[in-house]
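Okay, so subunit A shows up in both of these, paired with subunit B first and subunit C after.
Up next, the complex of A and B:
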């Protein structure tokens, strides 16, 4: 039968009935009308029928003048096992798609593409098997093996926007049949649809709207996952750790959405390939660059302007992506400064990536990121004397990755990484002809290499294994001095306020995704970590277990247990996320952080798979925590080990509920978390357990985005959470020496007022003859709630009072974006 | 550096700051007893009436009944002496009693007053420390001394250098990490050369229990204007140590709005005040 294009199930059945002059009868209550993209130009009638009925777990028999529909028999496990592998790519750009589902409906056989869009799937062969590839934001692609005798099959998915018809999101079987739990994916379009803040949408602000993730407060990019500490979140940009993700003292993150393709957060049930942090892994992947056509995008908002370009270097073989962003307020006001004064603040981001298909089996990726925040103040250069100062910080990351397909069963990726966070304060003094410069800087630098393998051993066992090594260089604080004064030139020009520390971080992992039967799948793995610091050697073998049991084709039960260790710590006042936050290493005196975690949950898909409902119960215990001594609040460069208390314990447990809706016109979610988390240090609160500062009992978020017309869409987000905890002064008395003593409450015994906020985004989009432009209006804090950012107490004078700082009131902003 | 950061932050936040009336938890005024047994001398106490932190009213009790128990037996009732001292226009009433205190005995102090909840605290009296082999080198300003620790564990010693007038405190340093300073002068000296600095330090016997502690100090405060200097070693009760330690940390704490407050230690039943004990030895070194 000659057929190509997009058809609904109804239409396909009508076509078959009219062409063959038969009547197809079946129980309509089981029937789901869906749209299919038929890719091949000629298909057998049987193939088309399989397209329609396979997802419903029905089979059919063709008889003269009639077609009988019957309950589908399971795949014969004794059949020959075949392995199919390939890549899932965007049809229009050629970009490889991460976390796309590839599966055989109704059989339990399925997999997910890795970070490089690769999949490998083994299953008992049948000449009429249907394979589905799908990813949110793309139309599912359904293929028949009859038409594809080869073992290497690439799936090219169209974006939903590229389809003319309204498309119903198809069966998302594999979304709930995967073993992995506690994971949420977001693509760039979903993030862009959320309300912007000062004209900027932000990846981390979107992540904070997920269940189990809590912001530490407005004006901070730091976040808490399931009651953990902010330093327990690993943030990877193209596989490279990013140590400080804040711009503008934490108000924005360093991720420029125009350069981002995919974001995935794992907050529990960590597979063995993850390590190094206790509470979450946030993987942010940059765009690869369009392999087929040159495109660009850009825009400006209240705060910044940005431009991104991508296109082929050699069509279908090599491509590039480059994206830049800069705030521009300083450029506007600096010309109006008088008396020779020049002062300002700005931040910049530069993302770049090149990918090169060497041949069918080899591909190279080179990615780079540089971000900078700079505040400066310069006095008149013509004056006899002047004092200049500057404060700057930023990250450099780069990764070189080499994919190699050893066979249809074995995929390897070799990665070399570099990451540096640098913080610097400079002061320059000039008097007559003598200039003196003093710079303080702190820095952490990583050099890493790792090799990861995906091996499809059989239809039952799928194995991941890998090895990695990272060399860390911690330089907590150093001063450099340079001067033109002849009398001082003999001075030692570098003074280390705290000695630099060099550490070696090694890991090895293996995990097996074991399909025991169609209902039961386990992921069993172990992660071995070794860490060498100052002749102190730490190592651990960390078991990782997770399992999935299918209660029905659309309802799964999942559970996991993991043990994790973390060898680095962040000295931070988590409420503000300053660039002075100091990453420090475990030492012979400071133990690693350790955690046991367990979770159990269910995922249910319903309403033609438009709805997904996930519920999870989690428990986490923590050991080896550090905290500031009560007298300190900002990371000291010197003697930092004496400023902290160690060997703290903690626990967190709770319930997360996540209801997500996704259709062509409307998408969004409701996320609710009920949780409790505590901490315990021998030196604090008289050794008694106390509530964690961010122990918010209730946390509710609603995200809604609706396309009312092709041109206009409206996005709303609303957040409510219980106020954070604080220690407050209760009473005062006088001691034996006549000193007035203030008695404080038990630690974190007081709760701030609840936090809630509504944000709104209105977007107008128009297609033009050169591309598309859209402009929008965002309102942050639409009903002007004065949420407390900080409450502090002035207890020094006779008139004592409590002061509240609220950060952002009702704040409208606009943005204009374009793409071509 | 941190001042610059704070300045930038606070500057940005000032416009959003407001003074608020919070529904803070309140508590009724309570008796706050601060008391100390000084070996060979007496017991001293004051009774302050607590008030709300944001609405402080300085007030002292004259009418409280303070009863001292020794190993469970009532041995003294404290009386108000004639010392006059004024704090915030309020007269301070000093309670005192003479008693032959016994080393190692358990002491309980109970305070009662009409319309207030009774409060109690417990402590025990440490023995007078034995200090030997004290030497002072006026060219290097280094002081050496040995403290002989009794066999019982948990002894804590306060170390001070005092001038001849009114126990005038002199600054000193030590490179010994078991000599603990809590006053927050860690950046005051070149730590490689002199170690930590302060006006009082503490040593716990956990590393030399029942043995001898070889103490090495360096006098740093050469300008005290005193012709005599004494090394004062005081054995203090655990409650007195925890109280003084928390006071030192409190007094020198970072007062930024983001720092966690320091909780002042209390062993009284309403978490206000302290009941401690101490025994001192003075050795003249200059």
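Up next, the complex of A and C:
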């Protein structure tokens, strides 16, 4: 039967009666006349009725020539509990889908797929159940009237794009029903629709448009979350920490969008399985590779070119994905350099992943990432003497993961990880045939292993537990010297300017998602962390609590409290993500960072679930912060512990509001944050509390994407925020020693002018006989706002004049992408 | 080297950017009354007052001669100041510093407050405890390559010490190249601090000075031994041992920090310590012992 359009329930019932020649009778007098939007094609009558009446807690019985509608009986707790589990996958590629919702409409029973697309759902069995699987970007899949759920049911979702001309049923149960708060998901398509900067769309730049996330500066990919420090953001690429996410001094992130499948940011209410950072967790997951067909994508922009290939190694059994990106500005200007000189800068990324379905219950994933930034200056190799210099930094990460389905209730994942960030400055002096090389490098290396389990204990208890161990090797600074001089052949030494530190990081967690009734759901957990550095042993038991109460079928109240500890710190003054920033560990003298965080909020879904409106109040208390002493600036190679001040405190509180709209043609959001964040160190600002540098009172972002036709789409983003804080010189005076000194304002007492900017993206897409291609034009800073990046005083004249440096003005760029 | 990387980055951004003048909305008053005084036991109390200038003004700030100053001992008024001296000082606009004197001698274990006002500025004031007297016994073997002395730390009180090595000849230098800066008065960095009793990591070394808190001494008698090594023969070498009031100690630390860190575009600025309410400057106290080293 085909019914389509918006109808009142009365009208709808009349239509069904006339079309089917049946009589619908009411057993309840409390039926409320409401409007419904029905989009259906070939669904069974029973499915349509169930979709309409289930959320209203009405049931129906089909009799010969009539349909009886009645108030739904409460779920009988004594009904047989069945457990259904399986995977949610992309129908076309076979990729498993993360964070897809699997739920029974109107009952409160539902779950979300984990990082590997696995779900397990227990519920009281009845003979008329509809189960929906859905994910943004995909058409919801409705399994109607499952006779009796088998243990394993996989859902294969079709992308919405593939269904542009078809009609889908709009049944959505979104964030309002989940216990987890302070979380936002983005998929690759949503990110790609946002305006590009210099031809590159960027995952982290998209994340900065979310509520509660603030930029540290123009052009930089680094960000802060809810008044925390930049080092308090854990960024995971396929579960592996990435320590420096910046290319080109923070202007681009290391994430190549063509290799990315899913991005999820958690800003608060951290469940127990997260640990190690205080302010946020950004999970970035790479594509797995198409299990069915070979595909590729690529493109180029102003600065870089990229190519990604994916396909089956053995169809439906094993697949691969490999993606590369490189900037090419150095190649373009190299011919114009003077003879004998070779200098330039470039960055590269290489992502690769292999996944292998061993059998129904076992699957292996191997993923790898390598990014490199390199600046170099080489003199004529033919000359008798030459001085060459090289600066490079980059990350290596890899993960080997083994999924095992023990039963329909128990899923396990074993992961071995490796992560390294390396920064190196080298200089090479050559005279005759003798070369002498001096290299400075700093490095952090992690080796980790963890085992995580998802256990569906019953229809009311869903348990996650796991254990992990990471071995950290911090090398804050080392100098190596080598030479080819025959008299010094043995010389190849490494001088550790700061001794390397080896630490052991262990954690154990357990959390229970407890459905007390249809309205009330709690997530109770604890995270135990232990950290051994030199002879100092830190450990903590960190409670994690969150809860959701359904005020109505589409409106929920949520609250959370978490305590967290962080054992590593980033020594930085810039916060913009320079490679010179040093990751250091807590030691005997430097305590871990600690935080208590609480949040309360509501989530409302309306407009046929196309609109989602979230409001949250948050409070964060921070302890154990570190900062450079006022005299120090760049990470010192020696004795860094003596260059910092410790035991700083901080607090942040505020209100976040997030209104999101998602329909097939239009999507976007408005995010507003009103917040205040402060810091306090005994040695700074005469011990008084002062505003955090990134204490932006108001932060507003608007993101809008609209598909006007099948070929043309337009994306707009607008951002406004209060200026950052700074300490500025206000006067000069003569001190007790008779020296003229500068009097500065109180720390961070000055506020930079406000920041606002409009970006525009226009995209023309065309299907071709080989695939699809699209051209895009992006405009960064469309109305050429001169936003302050840095304020300095010009000392050249007869008076000191304040000047503002603005980075990127009106900046158009283009890109060309293709896929096949 | 890493600092150069950062400066290179800033330069890169600067070149890629556009610059334009901006009006600064200052969060605080830019002109204030400044009061400076260093009080020692047994000495007549002297002080100066001057005026701060907005940072945008390059010319030197003026020393003021229209001040009205009062001295309080343990919160009781004891004397009024008068203009007693003029001193050459090029830091001031008139190259002159006006010095005010109180006809009053500071006494041990007392607290002193100086209040100052002018026609233009309302009253400002600063308070200090008197720095405790310490006994410094010089080791008779002290020479141009070795300085030794004994400090008898006062028990049951918190003391602050400041050591400073001074030389009047610019040819001196450390043979191991540990000098990182030579200031106008040719102060020499005390990295050569070599003692079994006191080591630099336990104290704090900023630039060319050593600052030590009471934690190292704690009411005990301590021998301090410092080895010096010069490439040339030092002349007029002197070693200064100061016991400081807390305010003066904080001033010295932050002031020297500021002097050595003026051109760094990245590091957060150092605020020179001030204990003058409603204005700027320092009212502090010291007890000074100078060990002259013969060649």
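By definition in this document, the second predicted complex is superposed on the first by the 735 of 820 C-alpha atoms of A that agree within 3 Å, B and C clash if a C-alpha of one lies under 4 Å from a C-alpha of the other, contacts with A are read in each partner's own complex, and residues count from 1 in each chain.
Following the convention adopted for this analysis, a residue touches a chain if its C-beta (ideal position, glycine included) is under 8 Å from a C-beta of that chain, and two chains touch if they have at least 3 such contacts.
Note that the coordinates shown come from a computational prediction; the quantities given were computed from them, not determined experimentally.
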### Message
Contacts for A:710 in the overlay, against subunit B (first) and subunit C (second): which applies, first, second, both or neither?
### Response
neither
#### Entry: Residues of subunit A at both interfaces, subunit B in one complex, subunit C in the other
249, 391, 425, 440, 573, 578-580, 628, 630-634, 637, 639, 642, 685-686, 727-736, 738-745, 747, 750, 786, 789-793, 795, 798, 800-809
#### Entry: Residues of subunit A touching subunit B in the complex
249, 375, 389, 391, 425, 440, 573, 575-576, 578-580, 628-634, 637-639, 642, 685-686, 727-736, 738-745, 747, 750, 786, 789-793, 795, 798, 800-809
### Message
Quick check: in the complex, which residue numbers of subunit C touch subunit A?
### Response
1-3, 5-6, 9-10, 12-14, 16-32, 34, 36-38, 50-58, 60-61, 63, 89, 91-92, 97, 201, 206, 248, 251, 254-255, 257-261, 264-273, 280-282, 284
### Message
Can you tell me which positions in subunit B touch subunit A when the two form their complex?
### Response
1-2, 4-6, 8-9, 12-13, 16-22, 24-25, 27, 30, 32, 34-36, 44-46, 48-56, 58, 60, 85, 87, 92, 184, 186-187, 191, 247, 249-250, 252-254, 256-264, 266, 271-274
### Message
Considering only the defined contacts, which subunit A positions touch subunit C in the complex?
### Response
249, 391, 425, 440, 573-574, 578-580, 627-628, 630-635, 637, 639, 642, 684-686, 727-747, 749-751, 753, 786, 788-793, 795, 798-809
